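Take this structure first; my questions come after.
Order as written gives the chain letters A, B, C and D; numbering starts at 1 within each chain.
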Amino acid sequence: MSAALAIVALATLGSAAAAMLGRSLLRSIFMLAVSWAGVAAFYMWAGAQFVAFAQVLIYLGAISMVALFAVLLTRQSRDEASPPPAALRRAILAVVAAAGVAAVLLWAVAHSPLAVSGSLAPATSVRQLGFDLMGRHAAALLVVGVLLTIALLGAVVLAADGAQERPGDEP
Amino acid sequence: MNALQLCLAFSSLLFAVGLAGALARSNAIIVLLGLELMLNAANINFIAFWRFSPSSAPATGVIFVLFSIAVAAAEAAVGMALVIAIYRHQKTIRLPDATDLKG
Amino acid sequence: MSAGPTDAHLLERAPFLLRDWLTHALPEPLRWFANTLIAIAAILAIFGTLFALLTLVERKVLGRVQNRPGPNRTGWFGILQPVADGIKMLTKEDIVPRAADPLLHFLAPVALLGFSVLTFAVIPYGRDLVAVRLDAGVLYFFAAGSATELSIFMAGWSSNNKYALVAAMRALAQLISYELPLLLSAVPVVLAAGTLSAPDIVESQGGFTWGFVPHWHVFTPWGAAAFLVFFISALSESNRSPFDLPEAESELIAGHLTEYSGFKYALFFMAEYFGMCSLCGMAVTLFLGGWQAPLAALEFIPSYAWFALKLCALLLVFIWIRATLPRLRMDQLTRFAWKFLVPLALVNLAASAFWSLSFGWAGPMQALRWAIGIALAVGPFVLLGRRLGAGIGPRTYRYA
Amino acid sequence: MLGTGLLQGLAVTARNFLGSFYDRRRFVTTQYPEQRTALPEAYRNFPFLVCESADDPMGTLRCVACQICEKECPPQCIYIEKSKDKKPDANGKPQIYPAVFDIDTAVCMSCQICVEVCPFDAIKMDQVFELAATDRFGALLMDRHALAKPNSYFQSIHPTEAGEVDSRLLAARLAAEEKARTAAAAKAAPKPAAPKPPAAPSAEAPKPSPPLA
């Protein structure tokens, strides 16, 4: 049980780290896709099948696609320019900060009295999930729907070409 | 260390990796994807707590993750649209270069 | 795989009997493992054979449509043509361009084939004949299907070839655009059946009205409209003509396959046909009653035969369409998805909600229900179709 | 309505699909190596040399090695060497004959100019198209033995043209014989009252007008 978790966690963390370190942007995105798939595998391990499928559908099917599209639309050169000293200093600072955060979090995790009940959560059926979404969480669902609609419209407005073709605007 | 703590450690490390990427890289797309990683780490926490400490509302953790994924999708869409808009004005997606408010 | 029906007659139980005869000697945990392996092997073998036959049938049908006989030299009526093609593919040199990304170049066909095979797991091939009985099977199907897009992009980008890259971008735009109507047209079925599990969706389509009209979803107004949207999106998702822009031979050589040769090319080909088969299988499951017989009197024929029959019929329609329609232009393709299919699917969602709500209507109300249902299905089609046709007409060329 | 055109198109393809099974006029494919369609009479590809009899092709070649075709050939695929001696032709007149007559079919462009310029109807276009060979150089270079084909073969592949040529040759031969006879008669008769034939009764071969001129 824990071994499976360890493998999944190592694969996820490894590919995430590789993605963050990589020079090639597109390779980074492919590594991130692996890492998201790893998170989906973690959900499967934890018995949340529905969430795992949703994770694959949205992260692998949509977000990585959008990211790839953004990369291709904003392509200047294959790799980033070599980091200037300022960037290197910032990277070191960032890693130190992240390590600090990780240390604090890990210390907290290790020293908190986490109440673990003996029984695992019962696997929720999709039907139950649907009733919950439409019942107790209907308002939240509505809000998320509105948020997604607005985000979609906003994205279209932002990404749409600002200089619309004016009449008589011959190239 | 029990299973819950393992899961939480996993999510903390993933969060740190995402944070390091978001802070260190200058490429706007990688920064956004680092943010996505951090969101994923949070989702892992939800699932871990849902899994190992059953509460009276059995599906709450799962539903929260679903909402979180939806928000992440919206964030990614808007973020990438912003990146493209910035690129159109500044011809670069390196964040240190995108310092002008007026494009 | 589950235990299998006990009260059905011999032919219906044949796959289970065969499986149990093969594994009955094994101890319990090993037996489960062996059963799973047998399910995987059976799926791979059956669909592998289907793929081989399909390549032949496709060429035969295309030939007949163009009034030629098609391949008929290797073996009786060309039956050995797939074997000859396979040998040719396997013995070709595998070329990797020097500037390519070798790892991703290798990984792309493998990942594509892997994800395409994964989608076969949840399709019910017959009564209780499903590899994995998942509670969220339909969602699983679409999740695994959507991951194939990434592989196609991987192939196009890692080749480091301009045609392949253009094809990859086209494939991305196309697959994202048609993923949406594909999902949205499956939602009404989920709404009507009240479940995301594929076998339960098939079960919900059992029974007959007046003894001869089966309760398949395609025989309801919203079902017909959703089936149309699903079918068109499936055509596009499997990169089939008239939506085969990513590998448009006339302009992009072979699209994302330009830099692939030999066995890797064969893998791509296989994955494409697997994707086609699994999408058709899902269409049969969602709309055409899965393994249900079309007439009560015909239920003596085993369920998996019905499924195979419907699957083959849909695949033939795919080929028929390929033989008929010319390729769309890229802007027409995306416009068709976003301005026609997506709104149609959304309206159709409302139509199916109405259909579910008006379930109890009887007598003259039943006629009203049908009238409103048909109006909700046909009306948007006509209106949207008129708007769609408005902009697509002949193009004026400024410099030509 | 949207889609009616698509349905029409589908109907057309379906009609073709079904039609190809019962309508032989629709289903026009010929299974080539086993079945062959008759070639159209005007079909031509590479030249051959006409001889009078299949038994002795080298002895009855019409070609007199005048080398006009060699000079006219645009891709220069013909190579001719004249013989040192003379052999009697079909009319019994001694003629030079080609000691070497090669055509490189890999170079020939099937323009038929050699046929048009030949004053002796000695070179004609063939219909053999299955010339594939594994040797690029030797196998496609045809010498006079390979090129010589009897007049009966010419009759069988281009009946109209061959009939025309034959009747012209026959008329020329008859005219020549007539001329010879009258010349002989004039010589035999002591009186020179008979009108003299306009052409000199020299030993020149009866020369037909060039074909297609």
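By definition in this document, a contact is a pair of C-beta atoms (placed from the backbone, for glycine too) under 8 Å apart; a residue touches a chain by one contact, two chains touch by 3 or more.
In this text the structure is predicted, and so the values were computed from the model without any measurement.
Novice: Between C-D and A-B, which chain pair is linked by the larger number of C-beta contacts?
Specialist: Counting C-beta pairs in contact for C-D and A-B gives the edge to A-B.
Novice: With chain centres defined as C-alpha means, what is the inter-centre distance between chain B and chain D in Å?
Specialist: So the centroids are 84 Å from each other.
Novice: How many angstrom between the C-alpha centroids of chain D and chain C?
Specialist: 61
Novice: Please tell me the distance, in whole Å, between the geometric centres of chain A and chain B computed from their C-alpha atoms.
Specialist: Centre-to-centre distance between chain A and chain B: 5 Å.
Novice: Could you give the separation in Å between the centres of chain A and chain C, each centre being the mean of its C-alpha atoms?
Specialist: Those two chain centres are 29 Å apart.
Novice: Which chain C residues reach two or more other chains?
Specialist: Nothing qualifies.
Novice: What residues in chain A touch two or more of the other chains?
Specialist: Residue numbers touching two or more other chains: 50, 54, 62, 69.
Novice: Which of line, ring, star, complete and other names the graph you get from chains that touch?
Specialist: It is a line, because the chains touch in a row without closing up.
Novice: Using the contact rule from the top, write out all pairs of chains that touch.
Specialist: Pairs flagged as touching, ordered by label: A-B, A-C, C-D.
Novice: Can you name the residues of chain B that touch chain A in the complex?
Specialist: 1-10, 12-27, 29-30, 32-34, 36-37, 40, 43-44, 47-48, 50-54, 57-63, 65-67, 69-78, 80-85, 87-88, 91-94, 96
Novice: Any idea which chain C residues touch chain D in the complex?
Specialist: 61, 64-69, 320-321, 323-325, 381-382, 384-386, 388-389
Novice: Across the complex, what residues on chain A touch chain B?
Specialist: 1-2, 5-6, 9, 12-13, 16-17, 19-20, 25, 28-29, 32, 35-36, 39, 42-43, 46-48, 50-51, 54-55, 58-59, 62-63, 66-67, 69-71, 73-74, 76, 80, 86-87, 90-91, 93-95, 97-99, 101-102, 105-106, 109-110, 114-117, 119-122, 124, 128-129, 132-133, 136-137, 140-141, 144, 147-148, 151-152, 154-156, 158-159, 161-162
Novice: List the residues on chain A that touch chain C in their complex, please.
Specialist: Chain A reaches chain C through residues 26-27, 30, 33, 37, 49-50, 53-54, 56-57, 60-62, 64-65, 68-69, 72, 125-127.
Novice: Provide the residue numbers of chain C that touch chain A in the complex, in ascending order.
Specialist: Listed in rising order, the residues of chain C that touch chain A are 101, 104, 134-136, 139-140, 142-144, 146-147, 149-150, 153-154, 157, 165, 169, 172-173, 175-176, 179, 194-197.
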